[in-house]
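Right after this note come the structures.
The same chain A turns up in both complexes below, where it pairs with chain B and then with chain C.
For the complex of A and B:
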């Protein structure tokens, strides 16, 4: 069974590899985003040394890391699920001897690995020539970052599965999927580090899974969360992984019973 | 032209019929567009809790620019919503069908993908601008309304030109290029004052992918930033030039189009 999913990850990786033009545009997008935010933050800081506990150097490094992390955890499997429900393909998928949602997650992982290796890492190395920026120095810190990033991927994928499975009930939910995407970008700390938000907003966000998607791994990478606190952060992520499993399995069970194939 | 207008009303009717079949989604799409527009505002608001100005621009000025930025984008995306042009028309071969239709092929593609719900962005933009204008105590003359309409149309033409040109690239390369999302990312930098960026990005946003003309330059006129008046007045010229370039690339593309097989 495990071998099957490994194969799915590999196939998706190879499919991504087939769209060659995508590499270049992917790397360029990555650099444009970081470059523009670099200047934007430079202008925001102006003469000030420190905002919300971060220097301008830490901020630009944070932006670069946050985008690198996003390359790995980001995927569109909710839209794929919605498409397959609408086309009726999902009926065939459901009689196949595997778990449909795990298949989707495996494909997302293949895509994530592709983006991380082909877009983010080269982009990051390129960026590190221009920006004051350092990679984690110890193996332990790398290990913590990668563990945290993998959990971030799982949490984001779970949220995507949730919004994707909603298609079974709502038939069309592009609206929710789009809203989810922008909300995740904001509340995960991609656009703004969580420490910039007002205290009351931070208090609310502590009860939401979103900062576990980007803020935690990025802070570990930046060294702002030291090795002694990293364990705690990773534990929090694991708790979210488990909590989110519940609504998914519930909705999935309902969805299978309720499925209506539209068209086909 | 008359035909196109008549067809437009027909397609509009069809659009509402098909969208209202899934009412909940229609509503949630409206809401999520609003969420998207508001989230960008959150960025500005949160940042300005920590600083008072951004390169001499105050919070309310930046908010005003953002409000302006939303308006032409809404107008453009109502009429030119063919984001999946490559997928739908080239890879799946729908373009063959388009070419057999009696009206102009670009008009046909646009009509098939109109998104009238996007027009709500105009309202959001106006509200945001209104709020900022009130805070800044801006005053407007009667002809500012006409200028506003002219500038919005010009900015929409810039979008239309750029994205038509990019969609037409699909005629030359069959595979997915991922250019459109890249341009979309760049366009979002037009809503901040260009003087925050370095020279290369400034030139890029002014002359190559002129997204400064859909946000900061025209908005600067209403903010009475005289340094940018020249650029603001150039907006209609840029709109016409870029729209023509877009049409030209489209025409060349259609001529080269040979069908993707099945």
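For the complex of A and C:
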């Protein structure tokens, strides 16, 4: 079974490479995003040294890290699922001896590895020339970050699978998918670090899975979460991974029974 | 091999209310109508058969195939194929079947068929020399060697379809489903695919189920035909029997050496239930409804009573039969 998923990841890698323009423009888009947030935060800070306990240098580093993490965990499999349900291609997936959702997750991983290696890493190296920015110094910190990032990927993919599978019931759910995208970007700490939210909002967000997607791994990378607390954060992520499996398997079972194949 | 008993599939279809006010009401409270797409179907198939499932658009063929391939879950009835219950043991079951959807590609659009085959090999865990030899044989017999490394998006429909057939057979399934495999293909490609399928059925004893609108597919490949209409199975039997049941019967045109009238021939045949009509002074057309029993009698009687110079048999082809079934549907349903 492992061989199959490796092959799926490889194929996704190949299809992403097939479009050269995508590949080059991807690198540029990452740098534009990071650059835009750099200037935006510079303007927000104005002359001030410190906002919500973060210096302007820490903030720009945070933005760059958050975008690098996003390159890995971000994927569009919910839209892919919706597309495949709408044009009936899901029928082809159902005649294969594998679990459709697991395969989608494997494809997303292939995409994530691709984006991380060819968009984010070169982008980061480029950015590190212009921004005051330091990579984790110990192997342990790197290990913690990568573990946390992988779990962030799993949690985000699970949320995407949930919104994707909803297509089986709602048929058109672009609205939900778009809302999810905005909510994930905002509440995961990509646009605004969690410490900038009001206290009551932070309290609510502790009970939501979103900050496990970006805030946790980024804080580990930046060193704001030390090695002693990193284990705790990773455990929290694992708990979310397990909790989210439940509604997915439930919805999927219902979807299998309700499935209608479009066209013919 | 295939056992199906009382298979049913119901769909709930949303009924939109008319007008703007209706659309607003639909926001809060929707009306649904239940439609039986497949209604109490039963049949059995032995290993090694090639058989066709035909019917008009919306007759329930595709839904039936989708239930048989494990894609859809039936609303009722029993089904066992290759020893599996398709919708319950889907992942195990689909390893024993191959499926070609004529309207839907299973190849990766941006990759070459060869890359797709490679991926399918690991999907189905086809390994070793045997698997390679089998793939080589598919490539050779379908004559796809010259374009198998080009991206799928650059292939013509005929080329792509042959690659689709190869892709569906990579794991050497015992049972092959073809859902309208020849739609839009030219005659040469059609022939090539048919020949290939026939050969596969003979050498590998592969069971083949075909749905099609193309009557020549059925004539070239199938002995057995199932006809569906409005979700019900209205015929299950040999193609020859189908011809007999709904065909216009057989027509025999006799050419006589001397001038012969209809009355003279009728006198010889007695009150045989057949229609006689005059072609010209020397020629008479006899239309027989149930050919198998009556044809020899008619032939021998006429031949021994008159001087016959030529006999021509006109058999209705399947195309006419299908048209007959579709046009006399109400009557057919009453019979069924």
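Simple rule for what comes next: the second predicted complex is superposed on the first by the 263 of 264 C-alpha atoms of A that agree within 3 Å, B and C clash if a C-alpha of one lies under 4 Å from a C-alpha of the other, contacts with A are read in each partner's own complex, and residues count from 1 in each chain.
One rule holds in what follows: a residue touches a chain if its C-beta (ideal position, glycine included) is under 8 Å from a C-beta of that chain, and two chains touch if they have at least 3 such contacts.
Keep in mind the model is a prediction, meaning the values are calculated, not measured.
When the two complexes are overlaid on chain A, chain B and chain C sit side by side with no clash.
Touch criterion met: A:35 reaches chain B, while chain C stays clear of it.
Within the superposed three-chain model, A:140 lies out of touch with both chain B and chain C [touch as defined at top]. Look at A:186: by the touch rule set out above, it reaches chain B but stays clear of chain C. Of the two partner chains placed by the overlay, neither chain B nor chain C lies in contact with A:227. Contacts of A:132 after superposition on the shared chain: neither chain B nor chain C is touched.
In the superposed three-chain model, the partner touching more residues of chain A is B, compared with the other of chain B and chain C.
Using the contact criterion defined above for the overlaid structures, shared-chain residue A:8 touches chain C, although it does not reach chain B. When the shared chain is aligned, chain C comes close enough to touch A:257, but chain B does not. The gap separating chain B from chain C in the superposed three-chain model is 6 Å, by closest C-alpha atoms.
Looking at chain A, you'll find no residue that touches chain B in one structure and chain C in the other. Every residue of chain A that touches chain C in the complex is listed here, in rising order: 3-4, 7-8, 11, 14-15, 18, 88-89, 91-92, 94-99, 256-257, 259-261, 263-264.
On the side of chain A, the complex with chain B involves touching residues 19-22, 25-26, 28-29, 32-33, 35-36, 39-40, 42-46, 48, 51-52, 170-176, 178-179, 182-183, 185-186, 191-192, 196-198. Partner chain A is touched in their complex by these residues of chain B: 22, 24-33, 35-36, 39, 42-43, 46-47, 49-51, 53-55, 173, 175-179, 181-182, 185-186, 189, 192-193, 196-198, 201. Put simply, chain C touches chain A in their complex at residues 11, 62, 66, 69-73, 87, 90-92, 94-95, 97, 99, 101, 103-106, 108, 110-111, 115, 118-119, 122-125, 179-180.
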